Amino acid sequence: MFYDDDLKELFRQVEAGNLDVERAVECAREASFKDLGFAKVDNDRSMRVGYPEVIFCPGKTAEQVRDIVAYMMTRKTNILATKATREIYSEVLSICGDAQFNETAGTITIERYSNEIPDSYIAVVTAGTSDLPVAEEAAITAEIFGNRVERIFDVGVAGIHRLFSKIDVIKCAKVVIVVAGMEGALASVIGGLIDKPVIAVPTSIGYGASFGGLAALLAMLNSCAGGVAVVNIDNGFGAGCMANTINKLK
Amino acid sequence: MFYDDDLKELFRQVEAGNLDVERAVECAREASFKDLGFAKVDNDRSMRVGYPEVIFCPGKTAEQVRDIVAYMMTRKTNILATKATREIYSEVLSICGDAQFNETAGTITIERYSNEIPDSYIAVVTAGTSDLPVAEEAAITAEIFGNRVERIFDVGVAGIHRLFSKIDVIKCAKVVIVVAGMEGALASVIGGLIDKPVIAVPTSIGYGASFGGLAALLAMLNSCAGGVAVVNIDNGFGAGCMANTINKLK
Amino acid sequence: MFYDDDLKELFRQVEAGNLDVERAVECAREASFKDLGFAKVDNDRSMRVGYPEVIFCPGKTAEQVRDIVAYMMTRKTNILATKATREIYSEVLSICGDAQFNETAGTITIERYSNEIPDSYIAVVTAGTSDLPVAEEAAITAEIFGNRVERIFDVGVAGIHRLFSKIDVIKCAKVVIVVAGMEGALASVIGGLIDKPVIAVPTSIGYGASFGGLAALLAMLNSCAGGVAVVNIDNGFGAGCMANTINKLK
Amino acid sequence: MFYDDDLKELFRQVEAGNLDVERAVECAREASFKDLGFAKVDNDRSMRVGYPEVIFCPGKTAEQVRDIVAYMMTRKTNILATKATREIYSEVLSICGDAQFNETAGTITIERYSNEIPDSYIAVVTAGTSDLPVAEEAAITAEIFGNRVERIFDVGVAGIHRLFSKIDVIKCAKVVIVVAGMEGALASVIGGLIDKPVIAVPTSIGYGASFGGLAALLAMLNSCAGGVAVVNIDNGFGAGCMANTINKLK
Amino acid sequence: MFYDDDLKELFRQVEAGNLDVERAVECAREASFKDLGFAKVDNDRSMRVGYPEVIFCPGKTAEQVRDIVAYMMTRKTNILATKATREIYSEVLSICGDAQFNETAGTITIERYSNEIPDSYIAVVTAGTSDLPVAEEAAITAEIFGNRVERIFDVGVAGIHRLFSKIDVIKCAKVVIVVAGMEGALASVIGGLIDKPVIAVPTSIGYGASFGGLAALLAMLNSCAGGVAVVNIDNGFGAGCMANTINKLK
Amino acid sequence: MFYDDDLKELFRQVEAGNLDVERAVECAREASFKDLGFAKVDNDRSMRVGYPEVIFCPGKTAEQVRDIVAYMMTRKTNILATKATREIYSEVLSICGDAQFNETAGTITIERYSNEIPDSYIAVVTAGTSDLPVAEEAAITAEIFGNRVERIFDVGVAGIHRLFSKIDVIKCAKVVIVVAGMEGALASVIGGLIDKPVIAVPTSIGYGASFGGLAALLAMLNSCAGGVAVVNIDNGFGAGCMANTINKLK
Amino acid sequence: MFYDDDLKELFRQVEAGNLDVERAVECAREASFKDLGFAKVDNDRSMRVGYPEVIFCPGKTAEQVRDIVAYMMTRKTNILATKATREIYSEVLSICGDAQFNETAGTITIERYSNEIPDSYIAVVTAGTSDLPVAEEAAITAEIFGNRVERIFDVGVAGIHRLFSKIDVIKCAKVVIVVAGMEGALASVIGGLIDKPVIAVPTSIGYGASFGGLAALLAMLNSCAGGVAVVNIDNGFGAGCMANTINKLK
Amino acid sequence: MFYDDDLKELFRQVEAGNLDVERAVECAREASFKDLGFAKVDNDRSMRVGYPEVIFCPGKTAEQVRDIVAYMMTRKTNILATKATREIYSEVLSICGDAQFNETAGTITIERYSNEIPDSYIAVVTAGTSDLPVAEEAAITAEIFGNRVERIFDVGVAGIHRLFSKIDVIKCAKVVIVVAGMEGALASVIGGLIDKPVIAVPTSIGYGASFGGLAALLAMLNSCAGGVAVVNIDNGFGAGCMANTINKLK
C-alpha cells in the first residue's frame, strides 16, 4: 500500500465517493497483514515480491509455527517452513495431516494449490554429497514456488571431469544454483563456463579454517568469474527465491 | 573447447577426413586464447559467458594493460578496463585516441562495435552520493555489454520517502542493482518491495566498524528479504555482469 | 563514597565531633555493599545509577544465585535475575514462593515494592517473532524498574508496511528499543523516521554469515540514521536499563 | 508522507475537492526532498527526526559538497558537514564566506539561525588528549543542533582521580558522551557511577591489537554497567545526534 | 579425459575407424566416475593424483557412507573414510566384516590390496599428547596409501630437549609432518633444523585465544623457517596425502 | 642438557676419563624426560623453569591422564592436572586415593611434598562472581607451587567502591592477578593504582560481542595502564605460573 | 587520594583542626594532577605506580606534546614520549635543547635526574633484526625508569643455536622481554628454558597472514610454556613498564 | 651443533686429547653464526636446511641490509634479499657492482657460485597477470638455490581451457607452485588433476572481501583436493624454499 499506483487508486475511489476516509485507511492496512500478536503475517508478500511469506523456524516455538501455519491455511496459499525440526513438524501435523517433512532439507511443505510453471528450469548443482541438505532446501523452495528443477550432485573440482560430463544440462538451465562448502571453487569454475546467472550458496561443510562456511563464502564473493552472485552460508531458501525470481522473468 | 558439442564437431571433422589429428588439437587450442607471455587473453569468453574478457587493472603495470588492449583491438570487440588509474589511461591513450576514461568509475572504455540492446532495462540504485563510483562502474559495465540503464541515486533509508518516490522506475526494471555502504539496509528494503531479482553491492563507504565494507556485506548476506544476492564489496563490475546476464535472458 | 559531596559530609561530621575517624571509614564502607565472600552485593547502586543491582546468572551456580537473592530480600528491593534457567529458578523458588519465571525472557523476578511510574512509555519493537526472547528481557527489565512498555512485534523490513501501520505508537514513545537479528535494518529505518532516541539491540537470530549476531551488530553501529545507539548482542537487559534511564529524565 | 496522519490529511483535502489526484501525489513528493541528480537532499528530516540533513563528506568530491551546501543555503537551515578536509572547506568558502572550519573536529559549519536551547546540558568526556577530534565532532554537532555542552577532557582510568575530581559536572548533565580509545574502560566506570544515560564513543586511538578501535568498541558493548549504549568507532557525530535527541526530551 | 594425450588417443581411434563418435564420447565419460545419484564416485582419481577417492564423512548419513563403500568394494581398491563416527562404522560393518575403526583417528579402513611401499619413510611428529587424533589420521592415511611411518609424539617446545633427543629419526625421513596446537611453534623449530620438506598441521587443541586452532594456523603460516607448508586445522588426512605424494617422488 | 654449563661439565667428565662417550650421550637424555609412547614426561622442567610439568587434560583420554599421573607419582613431585573433568578424576582416584578435585577450578591435585613458601603473597582479584572458576585455577596453581594467595572476589567497575575498600590488601601483594570477563576494565583500573606487576586474565564470561572472551582480551592488551601483561582467555594456570615465577624472585 | 590511608590522614588533619573542610578537598585534588585544558597531567603517577606519566604521541599535535613537556619540566621528573616523530621532536627541541630523539625507537627522552638502579638487570631479546624498533622502545623505557638492560638481538628459531649461545645472559636476568614478529615462537622456547618471568611482545613485522602482528600475538597468548605473559603488538613501552615493575621488586 | 652426531664428534676430539674443553665450546659456537650486533648471520643454515640464510628486508634499514650483504660476501655463498626496494638496492650496489634487482619480484640477487641443478624442474603457475610479482619471487628463489623453473602464467579458472592447454608441462614437473589471488580456486583444480605435490601461494590480489588475500588463503587451506599445502599470503619465497627442498629429494 505504499506505492504511487496504490495511492492513486485509493485517492480515486475516495474522490469518486466510493470510499470514505476512515475506511480507506483501514482498507490499506487490512489487506496487507494479519496481526497474531507475536507475529504479523504478511499477506500481500506474494503480490509484492512474487512468492508468499515463508516461515523461518529457528527461534520460534513449535506452537508459534503451528499457529502461523493455521492462519496461513485460511489464506489459500501453499506453505513453506524452513530450518524446521521433526518436533515442529509433529506440531504442524496435528493441524494439517497432509503436511510434508523433508528431513534432509529441514522443510515442512503444504502444497494444495498449483502454480503456473515456466518451461525453463533451474539447475541445482552441488560440489559434494555433504552439500545435499542445502541444495534440497533450494530445490524444494523453487519447486513450491512453481519451478522445474534439475539436480546435479557431487561434481566438485577434486574430480572436475564429473562436472564436464553434466555441463550441457547446466548450460541449458535459465539460472544455476551452485552449492559448495570447503573452498567453494565450483562456483567460479561454472561461472567461467556458462552465460547464465549463477547463484552461489556457500555451505558450512568443512572444518578448521572453513570457519563455518566463511572460507567458501569469501571464495565465492571473490570469484574471478563475472556472472556470480552469492547468498548467505547454508541459505538454500534464499537461493531458491532468487532463482524463482529470475526463472519467472519474461 | 571442453564441451561434448565441440568435441563431437571436431570428431566429426576428423572422421570425415577434413581434419588431421595434430591440426584438430592445435585448432582447439588456437581458437580460445592468445598467449602474450605475461597474460593469456581469453578470446572465446564472449561466446562462453556472454561478455568479452575484461581487464582488471590492479597489480598490472600500465605497459601490461596497454599491451593487452593493443592485442584486444585486433579482435574486433569493445574493450573495458576496470579499477584503472589516470596513469594507465595515459598509456592506453598512446595507442588508442578514442579510449574514454570515467574518473568517477575508474573505467577505461573503447566502444567501437554496437551490441543488440534488449528493451528491458537495468536499474542502478544507490543509498548515498558517496556510493556513486561503484554504481557508475556497474552502470558502465552494463552499458558497454549492451544494456539500457536507469540511475536512481541517493535514496537511502535515512530518508526512505526518497525511495518511495522512485519505486515505480525500480519496479519496472528487469533486474535491480542496489549499491550501499554503511549498514546496507537499502537492499533489504527494496528486496521486500519488488518481484525482480536484486543484486546487492556493498561499498566500502563508512568508517570505524564498517571495516571496509564488511558491515554492509554481512547485512546484505543476511537480508530477511528473499530475492537478494550479493557480490563483493565495491564490485560494481560483477554486479554489472550479473545484471547483463539476467537482462539478456529470454 | 567517592564524590566530593559525600566526602564533605563525612568531613563535616568528623569536624563536628559527631564521628570518630575509625568509624567514619567503616561507615563509608558498610553503607555501600555486602560481602558474601563469593560476591559483594552492591547496595547503593540504586541510589547511584537509578536501578538496583541485578543478578547476571551465567557462570554462577544455582546456589550462588539463591544466596544472593536471599540477601537482597533483606534489603527491601525488587529483584531481577537475567539469563536464568529453570534449574536456577527452582533453587530460588525454594526460598521465595512468589518469585516469577518468564521462560521466553529467561528472567526471574520478585516484585514486592511499587515504583513511581512516569506517564511516558517505552516502545519495544521487534523485526521478527524469533526476536521475542530478547525483547521480553528488555520489556521486563524496564517494567520492574518502573516503566510502562508498549510491545510492537514482527514489523521487520521484509514487509515494511507492517511497520508503517504501527508508526504512531512508536513515534509517541519517549524512547524506542528496536530488537532485530539478521541484517538489523529495522533500527536504521525507524531511526530515520522519528525524533526520539532509538536503542538498537542486535540479536543472534540468523545463521551462517550472521556470525551469532555480528552482522546485525555491525549494521546497527553503521546506521546512516543519526539518533541510534547500540547495546550488546542479545542484551535486552542493557537496553531496558538505558531506556529506563532515559524515560526517567525530566 | 508515510504516516496515517499525513495520509488522512491528503485524503481529506482530496475528498473536500481542494486537491486533484495528480497534484496530491506531486505535493507529497515535492515537500520532502530536492533532487540534485547525484544527491537527493532530505528537506523534511528536521521535522521528522529533530535535526536537519547533515553532509557526510568522505566519498564525495569537493564540488558535490559545495553544490549540496549551495542548495541547503536556500532552505534557511544551519549547515553541518562532517569528516571534512581543508580542500573541501576551500570549495565551500568560495560560495559562503562565513563558513567555519574546525580542523580538530573536521567539521564545516554555517550557523545563521538560532535554535531554542534547553537549560540542561550535555557532558562530553574523553579518556585522553588524543580523543579530542572525536569529542569535538560530538560537541560541535550537539551545539549546532542547539544544545549547551560541557567538555571534560583527559580523565581516563590510568589516573582515575582526575575523573573523580570532575564527577559533579558529569553527574549533573542530562546525558553524557564518553569518548575513549585503547581499552575504553572509562565508559563502564562512568556508567557505574551516575544515573544518566551514557553514550559511549570508541575511538581508533591505539595501535596493534586496538585494531582500529575494535578493542574499545567491544569493551564498551560488553560494559558491565547497565545504562550505556554505543555508537560507531570515531562517530562523534552520531553521539552528538543521540545526545541532542535525549537532551530535547521533555 | 581432459588432457591432450587422451584426446589424441580417442581421435586416433576414431580416425582409424575403431570407434564411432557417439561411443567415443560415452567412453570418455564411463571410465571416469560412477553416478550413485547422491554421489559421483571418482574412479580414476588414483590414476590422476596417485591415491584413490576417500570418503569424508561429516554431512553424510551413515547409509550414504555405507552405499559408497559398497560400490567402492566392487572396484578393487583399499578404502578410507575419515572423520567417521562409531555409528557410521556400525553401518559399514554390516556390509564388510573386516572394516577397521581407529577410534583415536576417527578412520574406517578396508585394506585388502597391497601397495608398493618406498624405502623412505614419513615422520609424524606431535607437540603434545592431545594432538594424537590428528597425527593418527595423518599416519593411517599415509599407511593405507602405501608408506612407512615413524611416529614421534609429545616433543613440543615447552621441553625442547625431548625434540633434540629424537632429531635423528626426524632428519632421516623423506618428509616430515609436524602436528601441533596452541602456539604451533614446533613447526618453525623443526623447519629451522632439517633439510626435508615439513608439512605443518595446526590442531584445534587449546582454548580461549586459540580460536579453534587459528593461533596455531597463523603461527605456522608465518613460520620464519623456509621449507614449511601448511594444511587446514586438524587436517591429518591432507597432510597424509601431501606426504604420500612427496614420499612417492623419484 | 643444552646449556654451555652442562656441556662443559660433561666434557670435563669425559676428559677426566670418568665417562665414556656413549654413556655421556645416554646420560644427557635419560635425566631429562620419560618416554611413555603417547607422552614424554618432562622430568627436569622444575629445575629449568621453577615448577614441575603439569597435565593439561583436554584432548587426552582419562586413561592417558591416569598413566601420566602414575609415572609422575614415582618422581616425588606434587602433581597438578588442569581443565579436568569429574570422569578423569575418577580414573586418577583409582590409583591415588588422596587426589583432590576442585570442581569450580577443574583441577586435580596430589600434594605430598612441602615447598618453601615466600613471605610475600599473590593477590587474586575478580571482577565478578562468575569469574571464580578461572580465579580458583590461578590460586590453586600458585598454591601447589608454594605460594600464599589472597582472594578478593567480585570488585568489578560497575560498583568500583567495592574495589577501593580492598585496595590495601591488593597494594601489599608482591604480584596481582586480575581476572575479569565482559569488558575487562578492572585490570586497567588496578594497573593505574598500584606499583606491582599486574597479570590480567580475560575470562569467557559474557555473551554476544564478548566473542568468548575476545572483548576482555583486547581491552586488557590495550590497557592504558603500563604495568599490565596478559595471558590467554580463561588461563588461570598461566597466570598462576607467571605469578609464582615473580613471587619467587629475590 | 582514594585509599583509606590517605583518607585517614586527611580526616586526622581535619580532626586535629589543622585543615578546614574546603581546603582538605582542594588539597586532595591539587596534589594529584595539572589541568592544561586539553590534558590533565597525572602528577602522582610515579608515587602510585612507580614510574612517571609518559606521553603517548599519536593523535596529539606537536604543539600539544610540547606544552605537556613544558609543564612536566617544571615537575623535576625525567620525561619520556613514545611513538614520536621527527616533527614532534623538533617542536620539543624548541623548548628543551637537551631532549634526545632515538629514531629507531621513536622515543623522545629528557633525562636530568638520576634514579636508583637495582643490581639485577632486564634482558631484551629479539627474534630478528627487524624487531629492533620495538625492542629499543622497551629498553629505553626501562633505562629511563632506572634499570640496567642487556640487549640480545636476532636469535630467532630459524637458527636456534644462536639463542643457545646466549642463554646464560638470558637466564641470569631478573626478567626477560622477548620481542618477536612473524610466528612469535621465540617466547615459548625461552619460556620453556628459564625460571624467570617472560614478557612477550609481538611485533607487526611480517606480512600477509601476520595480519599486523595478530599471528605473533595469538601464538604468544597460547604459549605452551607457563611463565609467559603478553603485552600489545609493538608495545615496547608496556613491556618496559612491566619489566621495570618486576625488576624493582624486593 | 645440537645433534647427537655433532656432540659425539666433539666428545671424541676431546677424549682423544685433540681439543681442550674451552676451545670445544668456542668451536661449536663460532662455526655457526656471525654476530654483527644488530644481526646474527646464520652461517650453517645451508648445511642444516639446504639453502643459505636469506635477507628479509622489511623493517631493516638500507644500511643494515648492506652490512649483512657485506659480511655474507666474505662467506662464498650466493645471496638473496627479498621484499627489497630500489632504495635498498642502491645501497647494496655501492658495495657490490654485480648485484641484480628484479623490480617485479622485489629481489636482490648476487649469484657468483654455481649450484648442482637437478634434472627435474619446478612449475610456477599463476591464475592471473597480477600475480606475477609473487610468482617471480618464488621462481627467482628456486633458481638461485639451484633449480630449473618453468613459468606458466595467467591460466585461472575464469578461462579454464587455458589451464588445460598447459597441463602437460605442469604434470611433468616434480613439484608445482600455484600462485593465485581472489578466490584461489586454481590450486584445488590443479590439485585434483595431477599426482605431484602442489604448493599453493595465496596472493593479496583482489579487493573488498578478499581482505588482503585472506579469501584465497582460506580457500586453499580448505582445498577439497588432497595433495595441496599452503604458505603465507604473497610468500613466494617460502614456496620457492619448499619447492627447492622437494626438488632436491632423491
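Chains here go by letter, A, B, C, D, E, F, G and H, matching the order in which they are written, and residues are numbered from 1 within each.
What we mean here is this: contacts are C-beta pairs under 8 Å (C-beta built on N, C-alpha and C of every residue); 3 or more make two chains touch, one makes a residue touch a chain.
Just so it is clear, the model here is predicted, and its values are computed rather than measured.
Across C-F and E-H, it is E-H that has more C-beta pairs touching.
For C-D, the equivalent interface within B-E, A-C or E-H is the one where over half of the contact pairs agree by residue number, namely E-H. Between the Cα centres of chain B and chain F there is a gap of 57 Å. For this pair, chain A with chain E, the centres built from the Cα atoms lie 37 Å apart.
Residue positions of chain E touching 2 or more other chains, listed in rising order: 2, 4, 128, 158-160, 164-165, 191-193, 208-210, 214, 217, 221-223, 225-226, 232-233, 235.
Across the complex, chain H is touched by residues 127-128, 156-160, 182-185, 188-189, 191-193, 206, 208-211, 214-216, 218-226 of chain A. Every residue of chain D that touches chain C in the complex is listed here, in rising order: 2-5, 48-51, 54, 164-165, 167-168, 171, 174-175, 191-197, 199, 217, 221-223, 225-233, 237-239, 241-242, 244-246, 248-249.
Residue ranges on chain H touching chain G, taken from their complex, read 1-2, 29, 32-33, 37-40, 42, 44-45, 53, 56, 58-60, 64, 68, 83, 202, 204, 212-214, 217, 232-235.
Chain H contributes residues 2, 4, 7-8, 10-12, 14-15, 21, 24-25, 28 to its touches with chain F in the complex.
Contact residues of chain H toward chain B in the complex are 128-133, 153-155, 158-162, 164-165, 181, 205, 207-210.
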